[in-house]
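Two complexes come next, and they have one chain in common, chain A, joined by chain B in the first and chain C in the second.
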Partner chain A sequence: MALAPEATAGPVPAATPRRAPLSRRLAPYVGFSPAVVLFGGFFLAPLVLIVLYSFWEVINYNVVHHWTLDNYHYFFSTPTYVSTLWDTVWVAALTTALTLLAAFPLAYWLARYVRPAARRPLLVLIIVPFWTSYLLRVTSWTTILGEKGVLNRFLELIGVIHQPLSFLLYDRPAVILVLIYLYFPFAALTLYASLERFDWMQMRAAMDLGAPPRTAITRILLPQIRPGITVAVIFVFIPVLGEYLTPQLVGGTRGVMIGNLIVNFFQGAEYTRGAAISLLIAAMIVAMLVAFRKQLNMADTHGR
Partner chain B sequence: MAGEAADAVARHKRLARGALVAWAVFIYFFLFAPIILLVLFSFNANQYGTLPITGWTLHWYHAAFNDFQIQDALKTTLSVALEVTIIATVVGTAAAFPLVRANLPFRSGIRAALTLPIMLPGLLIGVSLLTFFTGVLHLTLSNQTVVIGQAVYVTPFVILVVASRLEGFDRSLERAAADLGANSYQRLRHVVLPLIGPAIFAGALFAFTLSLDEFVITLFLIGGGNTLPIYIYTQVKFGITPEVNALATLLIAASLTITAAAFVVPGALRRVRRGRRISARPATGA
Partner chain C sequence: MSINGPVTRRQALRAGALGMTGLYVAACGSSSTTQSGASSAASNGSGSASASNSPVTLNWETWNDHYLPAQVTAVKQATGIAARPSLESDDSDGYLKVKQTGGQYDIVSTDALWAPKYFKDGLTEPFDVESLAVSSQLYSVAKQVPFWKAGGGYLVYPNGWSSVNIYYNPKYVSPAPTSWHVLTEPKYAGKVVAENQPTDLMAMAGLATGAKEPYNMTTAEISKAQEFLKAAKPAFLKLVSQNSDSVRALADGSAWMALENLGTDFRVKAAGGPVVKEATPKEGVVGWIDGEQMVKASAHKNRFEQFLNSMEQANWVAQNFLVNGRPLFNEKAYKILVNQGHKERADLLWYNQPERALQLTLKGPSGNVQGVIDAFNQVFGA
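What follows is the complex of A and B.
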């Protein structure tokens, strides 16, 4: 519409010689404008607000624009919070390691020993649980691990125990187990994608030249699939850092993670303190993404 | 001696493969047991929703269908999912074009920025939007605030799906249409959309499923209403009931059906179209 007068006023080119090229130069980017509105207004702006909040303070339940580092100071000077942060990082690291250890043999088996025709359905079966509700996948574990749960009933039926075991649920092991369950598909599929591209003849060549299997694996296989391993680590570690629901439902008081802390602060109207922790987590994640951007880009172009 | 060694190697290999197969069986059992149990207990007459199985019944489904809270939550869920799907499909498709085609500096950086809402935990999107809505915009939380929050999270998926299809798009087709006199609207309508339509459709179904199941962002942004996942959450805090299991089973069935459709329908559409073209050829020839 704005261009219409310009178009009819054709014979006066000298007045607007630079305008038309600008609009034409911007034309290819017009498609971004709805995304700029959506992400700018409702993703970036809220994140900027969180950054600001984390440096402001709350007085009488109102956020006041006083610049301060108190929120960070408060967090790092409270031992429970710091230990929760470390526990979260530790849980994420352990979950990542166990998930990859569980996923690697499966991916290896699929890529090396399964007929290509049978691989597709087996891969789809790995993704299927991922397509069922996240909430339900967490809650179903409470029916398995609880005192009246399936596992206890089963163990009682076969006579292994006579009293239900109560330590199965509402503790850190339950959290780690459920997290492995939730993020297993990510790890398995990423590892499979890189193992599938590997040329197994190289392993045979190495062993023909006298390398024992272990050397062939560590010197030939692992270096070549390292980008896939890195991506799998990121895809498990990062979402686990921000988990809220799993520790909330199966963690009990001993399974608390940093996500629960953030929610507690916001629910208790301590917005600025909650914002400071949120920013810490976001900063950790963005730092990891930037550090591993090369591998992520590679997965992006090869994974298709 | 040599034969024995070869035998040992072969036996070792068989053992290793057997161990791998056993591990694979265990993993698939681990992946499906929780889901199968939910489904199983939804038909179990036992009112505590656990073992033992005391008989088979459809009673819990009947109860779920007649529960007005569930009906309410279902309505909210569907209307939210519909709005999210429309927003995400339009915004995502529009953004995919320049992402693939425009002459962009820092293309991989822009791509990463557009997918950041997927990489950051939903929890952070939830609390930051909650703070933004209530602290800055002074909005009352409602289904609309949920729609916005979910759209932020879902749109990147649509961008990725449509962009990957656009990357495999042969642009000479468009040039050919232009040479034959098609204007930009005609090129979009008759060349581009039919070819990337299946990807847009898949992206839309994808968006719909993600919205149906979305939990964390919704938990922070929902007002007085309930979506089904939020309703289930409020219920399971007091222990899982068989009625919730029935509802869960229906939700799982819906997600899987829609997802299967997203993968199967585009291919089927292509085949139908190809079939039509082939069957149309003799007619024009005669």
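What follows is the complex of A and C.
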């Protein structure tokens, strides 16, 4: 007579955990499928195409699948492209700095001194420009800065000038001014979001301990809102780097940015050249994001 | 489909299939392809005898001065053909779109020497222009353009033409310009506007520097043209994307000169601007003659002629002239304009001199477009 297995077997080994069926493992990710389709189909796929194009060439309006580094070589060997890219970078950097300088006082005032009930309508006012089309917002500056624009007429009226100032428009300063205007809301809202979460008692404590206001701001406030500042920089710098419409509308021939040259390539069906320069800008942006990545880590701020 | 508990593989696949089907249907658009009554085998486009009024949509790659919205509506009501214009920025843009999309477009507008390229690359088909009833309204010279004859037929139904001249404000510009080299004069620094068309600007520079074929320059000619453009760069206030910006600049006085199509003087006047005059440089001017081509891969070639017979009627062409202000090849429309009291304007714009069009340096594909764009970018880059 056979004994029951449990009477003769040793200790029962732990049961090997069985893998859940595939459908159950994939179930949590079903919700991502639309994003995967969108991201994969309308971002990754075109990006891969651009990468491939940048290593091919155009002959007689046809993209020929001949692998070459000529597009990149040509860019770096042509001083105009390098200087235009460099000018674009410093325009973006200057625009970002001035935008943050303009946005910070507003965000500080909103977060620190404005009653919560009054903040909402003021925030709406910051967003209102987005209710108008981008093109209209840029074009409106020609009626402000032009020789017969509002600004010139006002300066003539009060006797500051006797001839209209022609340099206000169709030059680089006009491009920077309009870009600051366009991206101001991004910076203001981002900085406000950071400042709103700040514990203002810390500032008071610092001043109670003898720190002047400037020291309290630089040593207590700014380090703690550094992620917000970083995000604001990213939100302004990156899109400005790729701007082409604003320079075209208000920059004249002296406010050209790298985006304008890329447009000329695509307009002339020189896709491979345009793709190569576009990728170089994208690579710059990725490098910048990697460099800024640490700035977004709050643990560094508190030394934990 | 309701989901209770974990999603099964079958449910996930079904949801995905439904989603993709919906995306596909949405992407297909609303182009209807009813072909009842019209033979789909009439691939040579000579289906005028069997034209029906069954609804169809023709995708038309063109420019905005080739049609009026009311005209498109009227054609649809008369023929059942709904034209869906899609704007091309330049000839190369239109060419590449047709090349890459096959039969997505039914009709494509083009300039001058681009038509032979379309045909050579198998993108368009010739047709018998004389068989179109509306073609009897055209100037005969428009039906005899030598480079538009190919494959035993005609490549383009002629629309209009223009040259790019120097328009100047005589109050500030004196003497009247006689050469493209006026652009290098320091006294006009920052007072010129032009459209941001790299190939056209380089072609004008080629004219100024003696290039044999400004739209198909050699490397040496491109280099000379580039040097000229570099010398002329200080003259340019801005390069505009629309000719209406040139008109505005002349009208408000911020520009004293513009390199623009015929009729700009009238448009500046209509915009409340000063009197501006037209100057033709002694080196010659670039220009274009354009028209409509039948796309070879189109599924509606049998409706091409019916569409044109309705679209290109003289009354609409005359209205087009009054709106866009450049000469067209429809002779009957000229007579309508004369009867309506617009003879002076039409004659000032050389409407009744279509032979002038063939004397222009006409637009065409470049043998070295990369060199042209590179040269242009090197001039206008920072």
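Criterion: the second predicted complex is superposed on the first by the 243 of 304 C-alpha atoms of A that agree within 3 Å, B and C clash if a C-alpha of one lies under 4 Å from a C-alpha of the other, contacts with A are read in each partner's own complex, and residues count from 1 in each chain.
To be clear about the criterion, a contact is a pair of C-beta atoms (placed from the backbone, for glycine too) under 8 Å apart; a residue touches a chain by one contact, two chains touch by 3 or more.
Here the structure is a predicted model, which means the values were calculated and not measured.
Visitor: Go through the superposed model and pick first if A:Ser83 touches only chain B, second if only chain C, both, or neither.
Guide: In the superposition, A:Ser83 touches chain C alone.
Visitor: One more residue to check, A:Ile50. First (chain B), second (chain C), both or neither?
Guide: In the superposition, A:Ile50 touches chain B alone.
Visitor: Should A:Lys148 be classified as contacting the first partner (chain B), the second (chain C), both, or neither?
Guide: both
Visitor: Name the contact category of A:Gly268: first (chain B only), second (chain C only), both, or neither.
Guide: second
Visitor: So which one touches more of the residues on chain A, chain B or chain C?
Guide: Of the two chains, more chain A residues are contacted by B.
Visitor: Once the shared chain is lined up, is A:Ile281 touching chain B (first), chain C (second), both, or neither of them?
Guide: The first partner, chain B, only.
Visitor: Taking the superposition on A as described, I'd like to know which of chain B and chain C A:Pro34 touches: first, second, both or neither.
Guide: both
Visitor: A:Ser140 contacts which: chain B (first), chain C (second), both, neither?
Guide: first
Visitor: Once the complexes are superposed, what residues of chain A are shared between the chain B interface and the chain C interface?
Guide: 30, 33-34, 146, 148
Visitor: Using the touch rule from the top, collect the residues of chain A that touch chain C in their complex.
Guide: Within the complex, chain A contacts chain C at residues 22-24, 26-27, 30, 33-34, 37, 58, 60-61, 74, 78, 80-81, 83-84, 87-88, 146-148, 166, 170, 248, 251-253, 256-257, 260-261, 264-265, 267-270, 273.
Visitor: Show which residues of chain C lie in contact with chain A when the two form their complex.
Guide: Touching chain A from chain C are residues 6-10, 12, 15-16, 19-20, 23, 89-90, 92-93, 95-96, 99, 190, 196, 198-199, 233, 236-239, 241, 252-254, 365, 367, 369-370, 372-374, 376-378, 380-382.
Visitor: Please give the residue numbers of chain B that touch chain A in the complex, ascending.
Guide: Interface residues on the chain B side: 17, 19-21, 23-24, 27-28, 30-35, 37-38, 41, 48-52, 87, 90-92, 94-99, 101-103, 108, 111-112, 114, 116-117, 119-125, 127-132, 135-136, 148-149, 151-152, 155, 159, 164, 167, 209, 212-213, 215-216, 229, 232-233, 236, 239-240, 248, 251-252, 255-256, 259.
Visitor: Can you name the residues of chain A that touch chain B in the complex?
Guide: Within the complex, chain A contacts chain B at residues 28-35, 38-39, 42-43, 45-47, 49-50, 53, 63, 102, 105-106, 108-110, 113, 125-126, 128-129, 131-137, 139-144, 146, 148-150, 153-154, 157, 181, 184-185, 238-239, 241-245, 249, 259, 262-263, 266, 271, 274-275, 278, 281-282, 285, 289, 293, 296-297, 300, 304.
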